[in-house]
Structures are given as C-alpha cells and as structure tokens.
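Here the chain labels run A, B, C and D in written order, and each chain numbers its own residues starting at 1.
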C-alpha cells in the first residue's frame, strides 16, 4: 500500500512530467537528426551530438565573449553546424563510403570526427562549460504546483515545428520522397539515375540544422561543454533506435520513452542505477524489438 | 615472402624500441603504455578487423585484466603473474556472456549497447568492495617469480616478447584456415553459415579470444605501475583501441602495434602542451581513413613496392570510382 | 537404407511473409545419383525452397529427411549433415583470394562445432599453412575449370564467381548440392565447368538440386524436373514430359495471367 | 591527387620520425645549480577548468620566486607535462618529468590519475603536492609517504556545515550528491560526520540532463535545508537551477568547488544561485590573501578575482621553497622529511591566522576549520562575500 502510494506520488507529480516533456523533446530532436541522416544516406551519423554541442558552445562563446546578440549568435551557431555536417559528408563520409568497405570504416570515421570536433572546440573556445544562450526563452511560470522553466515552451514549440516540417518535407515534397527512396535502396536509386549526392548532402545539412537547434535550445537549461558531445550522440541514437526507423514520428516516441526512463528510473531506484538501467533497457529492447517501435514496412 | 616482411619489420621494430629504452625509466614507461595499448588493440583486432563486429567493451576487458592481478595480489596474496594467468579466461567469459546477450545485434546497435555496458562496468568497479571502490587498489608489490624479481627492464622485455608473440600468432592465425573462415564471415556470413560454421558461435569465440588478449594489456599495466582504479581504463581507451589498427593498417596485426606506438608518441612524447594528444590522434585517423585506407603499414608496403606500382594502384582506384 | 529410399526428401514445406505465400505445401524427393531440376518464373518460390532446405530461412511447416534422419536446426547444422549450396547472388569474400574462397568450404568443414573451432584456432597459430591445402585448391580449381588462384575475388567476372562458389561447395564434400542459378551470367566456359561438376557428382552417387532460368539447360542436365508456380509444384516428371506438359505451356507461354511479384 | 597523397605521407613520416629523433635528450638536467619543479597540468582534458588557472598561478609564483633570487640561491626551473586526466598516461608523464630532473612535483590533474601513480610515486621517492585537490583519498594510506594536499578533511567541513545548519535552525537536511563512485566515497566521511542533523541522501547520475526526479524526492521529504554535495560543476549548476525553480525559499548549500569557478556561475539560470551558501577558501578579511591577490592582479589584470585555486597554488610553491631552504637539499627523501617538519605555515587562504602543517601522518595541511569560508551568492549569480550566518573561528 505504501509502495503503491509512493509509486503514484511519482507518476502524479506534474513537475516530473514537465521534465519528461522537456528532455523527451531534446532527445527526440537529436533522434530526428539521426533519422534524416539515416533516411538520406542510409547511415547513422555519430557526429550529431558533437554538432549539437558545437552549435550551442559557439553561440554561447559569441554571446559571452564577443557580445553578439543571442539571435545572431544562434544563426551563426546553426550555420556553423550545417557547415560542419556538410564538410563531414563531403570530406569524410563520402570518400570513405565510396570505397565500399561496409559501414565500420565510415562509423570509425565519424567517431574520429566526433573527437576532432570536441577537441577543436576545446582548443579554440576553451574546455570549460559555458552558459547556454538560447535565442528564445520565456518567463518561467507555474502550472498548479509545478514550475515551468524558461526553456520548456521554446523546446516544445521547436520540436513540434521541426517534426511537422520534417514530415511535410519528406512526405509531401518531391525531393523528400526522392530522399526516402534513396535511403531505402541506394543501389536501385543509383541505377535509376536519381540525384543521390544532392539528396545525401541535404540530409546531412538538415541533420546539422536540427541538431543545432536542439543543442542551442536545450543548453539554456544547464549550459554546455565539449564533454556533452558523446553523451548527446548516444542519447539521440538510442531515441531513434528505440522509436524505430519506420516513420518520421518514431524519434518522438523514442525520445519520450528514453526521457521516461531518465526521469523515473532515478525517482524510483536512485540516480546511481541509471547507468545499469540503461544497459538493461537497451539490451532488452534490442533483443526483443531490434527494429524499434515503428519498424519500416517489410518489403517482400 | 611479402607476407613475412611485416613480421620481420615488427620484430625488428620491437627490438629497436627495447634498445632505445635501455635503462631509462621514462622510455620504459612509454614502452609499457604502448604495449598496453597494443595488447588492447590486438585484442580488438580479432572481432573488429577479422570478424567485422564492433564490440566497444574493450575498456572493461582491459580493466578485468588489471583487477584480476590487483585483486588476486591484494586480497588472495597471489604473486602478480598468477593474476596474469587468471585474467584471460575471466575476461573471455565476460565477453562471451555479453556476446551471447547481444548476439542478435550488429554494427551500430552492437556498438551502442557495448559502449553503455563499458560505462556501466566502470560504475560497477567503483561500487564494489572487492575492487577497492573508487580509489581502487594501490601499492601492489613488484613482479616476482619465486624469489626472482625482474628489473623494470626485464619486465619490459617480457612484455615486448608477449606482445611480439601475440602479434606473430595473430598474423599466422589470420592467414590460417581458421582466419580464412572468420574473415569470410565478415563479408559473407551466410556463405560461412551454409558451409557449416555457425557465425554466431564463431563471433563468440572471436570475442572471447579478443577479450583474453586485451585483458593482458590491463594486467601488464597494473603489474608495471602497481595500482589500478575504475577510471584507469576509461571509455577513452576503447576509442584509441579502435583507432590504432586503422592508423597502423588493418591488413596486418602489426598495424595495431604500430598504431599504438604512433598514438603513444603523439599523446605522450610530443611536447605540445597547448594542443591535446586526443586531437592529434583523431585528426590522424581522419587523414588516414580518407587518404590512406590501408594505414601506415599499407602505405609503407605500397611505397616499398616502388613508385610505379603506387601509380598503377592509384590510377586503378581512380578509374573504379 | 535401400537404394529405393530417397537421399533427401521434403514434405509439406510452406513459407509465407505477411499474406504472401512464397512456398506452400511443397513436397519433393531426391535420390542418390539424381539431378533434380527446379524451374519456374520469377517469384515462383524456387530460391525460397532452397533456403528452406538449407536452413537459410525457417519453414513455417514441413519436414525434411536426409539419408533417413530428420534435417533440422540452423544452416550450419544442416551443412554439417551434408548439404552444400551456391547462391543466386554469389556470396564470395571479395577481399580474399580465389584460392581462399575455393577452400572456404573445406575449411569450414574442419571447423564445425565449438570443439573443432577452438582446436582450429590453436592449429591455425601453430601451422597456418598446409601444402595439402594448396593442392586441394588447385584440384577444386581444375574441377570447375578456373585459373588464377591468387587473384582477388573482387576481380572475377560474375561467371567466374559462380564457378568459385560451385568449387567452394564441392570442397565441403556434400552429399546433396543445391545450385541456385549457377548459369545466370555465365559464359560457355562457366556453363561447361558447372556441367562437368554436376556430371561428376551424379556419377559419384550424390544428389543435385539445380535451380535455373535456363529451361533448356536444366531439362538437358536434370533427371527429373519440378515446375514451380506461385509457391506450388505445378508439374513434376521427366524433362521431356515436363516440356510437353500443358502446365509448362500455361506457366511459360501462358493462358493464365503472369503475376510477377519480386 | 597522387602528389597530395605523397605530401601527406611525407608529413606523416616526419611526425613518426620525431619519435626517434625528437626525444633523444631525456637526461638528468639537475646539475646542482637549479631546482627543478615538475608540473603536471591537465590543460586540455576534463580537468582543464580548474587546472588551467592553478597552473598559471603556480608558474607566476615560481617566476616571482626566481625574481627574488630563487631558492637557496638556485634558480627554479619548471618542466611541464599534460596527462589529460587519463590515468593510463599519468605514470608516464610523471616518469618523463622525473627523467627531466624534477626534484618535486606539483600535480594539477584528476585524483584518478594520481591514485594510478601512487605506487610509482612511492618508488620514485620524490615529494608530490596536489595543491588544489579536494579529494583526501589520494593522501590516505597506503603509499602516501610522499603525497601532500593543502585542503581540509571532510570531518572539518561537517563541523562548519553543522554550525551553519544550527544557525538556521535546520534539523532535517537533504543531501543531493552525484552518484559517481569517487564522489560517493568522498562524501562518505562527510555524511558520517553530519550527525548533527537528520540527513536524507539522494543520488543523481553525474551526467544527468535532468534532476527533476531527484528534486521531487527531496521536495516530498520536506527538508529545512538542502546540501548539494558534488565536485562536478555541471551537476551542481543543474541541481541549483532545479532547486531554485522547484524549492524556492529552502536554504541551499554547496561544497567547495563552485565558489572557485565563475564560469560555472554564468551557466546557472538568472537568479538561480541567489541565496546559495557555499564553501570557499578565501576572504578579503585576510590581509595575506589580499596581498597575494594583488600580486596576481599585476599580471592577470584588474578584473582578477582571487580564489583558493590561486592561493593554494601559491602556498604550495612557498611551502616547497621553505622545505628546500630549511633542509638545504633537493634529495627526495630528505626534502620529504623537511616537508613533514613544516608546521604553522601561515597560509594565504582562509581566515586570518589559518595555518598549514604537515607531519609523518598529516598529509592534509589544514590546521583547524578556519581555512573554510562560507560565502553567499547574490541575485546576479555572483559571490557577494562571506555569509552572515556563521563564520568559522580560528580559535575553535
């Protein structure tokens, strides 16, 4: 009875649900960035976390050290992130994949890119954590007993907007449908003479854009440092694979599930259990549902 | 003939390194760090390069080796070398259990789960009592066989011999029927399966063998330095171990050893306080992956065969793409 | 086992994906020294049937018997019982040499089961090269008619790749060999090599299941032919009867609509 | 393309080539005219946040010592290494500095690295200071003969916190710590000593992106005060942001790190640190501190704000200087004995009268609790100065 009441106390605490929403949106956006890369290039871009970090970190550096306005710094951060993503594709991923050695070489290449971005950020902008400088924040307010922080509304709005736009872009535009076709079967697309390279490049750029917006907005919560990059990458990857790769909405569900784990595992079992809990959740999930919740439709 | 060249060069290189280190404690320490990395990278070579499965738990296996030595000595009063003997089977068992639990995963999925496992393993080492918790185990005695206590130089020499023998063994294994089967399983698992060798069992054997070798790296480091703690083999080590064979060249196990030497040189021996060793290493990996996919060894081999051959390969590769 | 007992038999084999019945209720027999031809249009279920027999896919229903014992388990287990196959899309390790690819079947045969896998690991380190293996590779190459053992497999033509696959299967010394479209993309030389292997196996009392689009070749080589259509056996009998059958006329030149689902 | 590849190959060969040539001279530079101090600074790894200022402080102090005539008339030479707080590198970096003739080491890097090198330091027999480290495990036995820290044991922290809680009348206190094993172990002594209050311990994951669950638990328990016990600035800021939002009005305390990291204050949301009380190492009421701050301000500029990273780095060099001068030697064992003779060294941190002493079984320098200063943050997330609620007394 006591256990049940304690259990309910967690589940009925609106503050925790606000945390689930805020974290879930962030994880989902990172997952969406992964999804774009997967769709357009058939490839998990493990540099996503580093790109999100670099955008937020650079923006913050521009605001605090050079007095740029937040929106301007945000634009620079986003453009920089897109540039990094495009360079990664053109200079690293494409040449490595062109040799046709399977996915491992490309995976190691983006791994090395991840570390390079982390270290270059540290070298030029400093290794210390910086305050987040979101280009948009709202005044905190209360809903009943719960407080809604300044970054909650922006990240929810941005998430809703980006997911809707992504859905429309991928389903309703010719280029989007083309991109999906290429991700489904690159060889067939090549035979058909589709503009594979353009679509790939666009998918990298879109992933960079989404990651940057996610990073810049979420950094408003507790700052950003180069050390965040790897953790953000793994989080986004997990959000995508838990949600599945079947629809553009999948990372949203994956992000929400991951956020539930991140909030309620510490609440019920303590924060020290989180590391073990994540391994177990990931293993169970991959073992029983390796294709995620929303699986791509099986073609016979 | 050309197959033996890397072996001869590798052994010669190790001998030169031993001579170079001499009785200098700093150089010996560099050499031990290099051999530690080399053993972890050689361990990863088996599943990663030969079988093509990216298991990222190698920090855990190195730590298993280190703790086998430390716990055996500190709690059970074993001599250090006994821990070194116990480490490989223990690490192999952990790897096989983890491998069995992740049998259905491959590629990115396997990488993600094994990386999470590695992080949880570090947390576990810090929470257990027998491992000495977060401060680990320090103050281990020096290596001793019966009454004979080898000098640091002799210890280094033994480590060099161990690493050299393992690199030679892996090179022989790579070219043996077993090696052909496992290398084929990387490209065409279905062909190997329908030829009668279960690829999942083969992968488990590769994971076990790799973990056993990597554990020796951890055991060596702890034996030489006399201490271990949960952060000794952090997630950093995993990525270094992935990068090292690629830097050296994946065509041959000696590439892993060469990669370890280059990484240790770049991170510890180059006096560049402002820039970080990690940056140099990741940049070299990018350059090598993009421009020299066969690594330093592959490039050296090509160069050795003369400029004409180089030109032909490059033009041929150009023609194909 | 008497000579009348089949070498390999299947009964009631079915496999469906979602609502599509790739193979439904197929039964067959293969006798020692016999070549069973499997023909039919694209999507008839030929390759799926080969997959079900070799264990590359699990059947929904059905039984298989090889030399009197039930044939079950995964692909590796079935190979150990005496099956070998080639693939519609050749599955060669492109980074390895032709010799290594040819020897893969024999090598794999030596490493079946955990015990032999571990023993092979130790033996591989102690003695990586046996001269006998080189000789075996040369014999396999000669029997399928391919040369240039030290070439990379990636430099082979499609026809040569198919020959290497046949040689690889031969190296495992199977009692039943399943050939999935060995003639597609092969030149006259390739056809001759594979044909020779089939004849040799037949002469030695092994069984061969031959799947191909080339109806002329299959009917020439096979002792018996099974015509498949949409996952079912439409006709079974001697090549001559098959060619003359109304089912053959219907399936290939058709009165019935040809649904081609890939 | 071919030429490009060849050029890159040439560059790579050069880099590798330096392995054979560049490190040929690692002889013993200690020819008696100089004192060589080895400095291990993590300037590019996870410890860069605190190691960088501490490293600068150490080098500036050594420059001043040299300008004043050196130690015993000998110039001080600095040899420096960077281990990126990676324990597999720390032993080698130490060996490198020792082979370059280091007579003593100042380590501004992670505790894990130094723990890894403990056995090595014991064998090498040269004194090692960790001037700014707060983790006392490093200087606890075994293998601690040559290791020293300037800090205060956590039992002294507990005394200060208890007095502070008492001044607020807080009986029930929530204790929020990051669950990294090293932090849990570090806090164990503190928790054991905080028997003055009813303590409710809550763990959060160190790399958490969110602490709402932990704070919700704290809120449910209804404490009179909250102590955030972490050495991880990100965790601390995230915790303060969340507590400020969800438990406004409940007094908050933190450990020693945050007060020394102005960059971390900027990470907090506007006003999130208002009213927070934390441990610090310096106060303007100590004239020694003011003098040292003025010295650093000469090179660091007018904006310079002193904290214990600077004062402790300064003091470590001065203690080393005093020990070498009193023993007249740089021999490791004799120098070590001389360090253990240092008593009543007037520190440049803490309250006036705060002293440092070392001994055979005293490897943590602080004498008493008045090396600790409680400071309070204002609504601009800046440290406003000492907290009015309670001041540790040097006489206590």
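The rule is simple: a residue touches a chain if its C-beta (ideal position, glycine included) is under 8 Å from a C-beta of that chain, and two chains touch if they have at least 3 such contacts.
Everything quoted here is computed from the prediction, not taken from an experiment.
When every pair of chains is scored by its C-beta contact pairs, the maximum goes to B-D.
Distance from each chain's C-alpha mean to the overall C-alpha mean is smallest for B.
Centroids of subunit B and subunit C (each the mean of its C-alpha atoms) stand 40 Å apart. Computed centre separation for the pair subunit A/subunit C is 46 angstrom, with centres defined by C-alpha atoms. Here the spacing of subunit A and subunit B, counted between their Cα centres, is 32 Å.
Taking the mean of the C-alpha atoms as each chain's centre, subunit C and subunit D sit 70 Å apart. Along subunit D, residues 44-45, 184 each make contact with two or more other chains. Those residues of subunit A in touch with two or more other chains are numbered 119, 122-123, 272, 275. Taken residue by residue, subunit C touches two or more other chains at no position, since every residue touches fewer. Subunit D contributes residues 1-2, 4-5, 8-9, 12, 15-16, 18-20, 22-23, 26, 41, 43-45, 80-82, 84, 86-89, 91-93, 95-96, 98-99, 110, 112, 115-120, 122-123, 137-138, 140, 142-143, 180-182, 184-186 to its touches with subunit B in the complex. Within the complex formed with subunit D, the residues of subunit A that make contact are 9-10, 13, 15-16, 18-19, 22-23, 26, 64, 119, 122-123, 126-132, 140, 146-147, 149-150, 218, 220-223, 225, 227, 231, 235, 259, 262-264, 266-267, 270-272, 274-275.
Partner subunit C is touched in their complex by these residues of subunit B: 169, 172-173, 175-181, 183-184, 186-188, 190-199, 201-202, 205, 209.
By the touch criterion stated above, subunit C contacts subunit B in their complex at residues 54-56, 74-80, 83-85, 87, 91-96, 100-101, 103-105, 107-112, 114, 117-118, 120-121, 123-129, 133, 168-169, 172. Residues 48, 52, 54, 101-102, 104-105, 107-109, 111-113, 115-117, 119-120, 123-124, 127, 187, 235, 239, 242-243, 246, 274-276, 278-279, 281-283, 285-286, 289-290, 293, 321 of subunit B touch subunit A in their complex.
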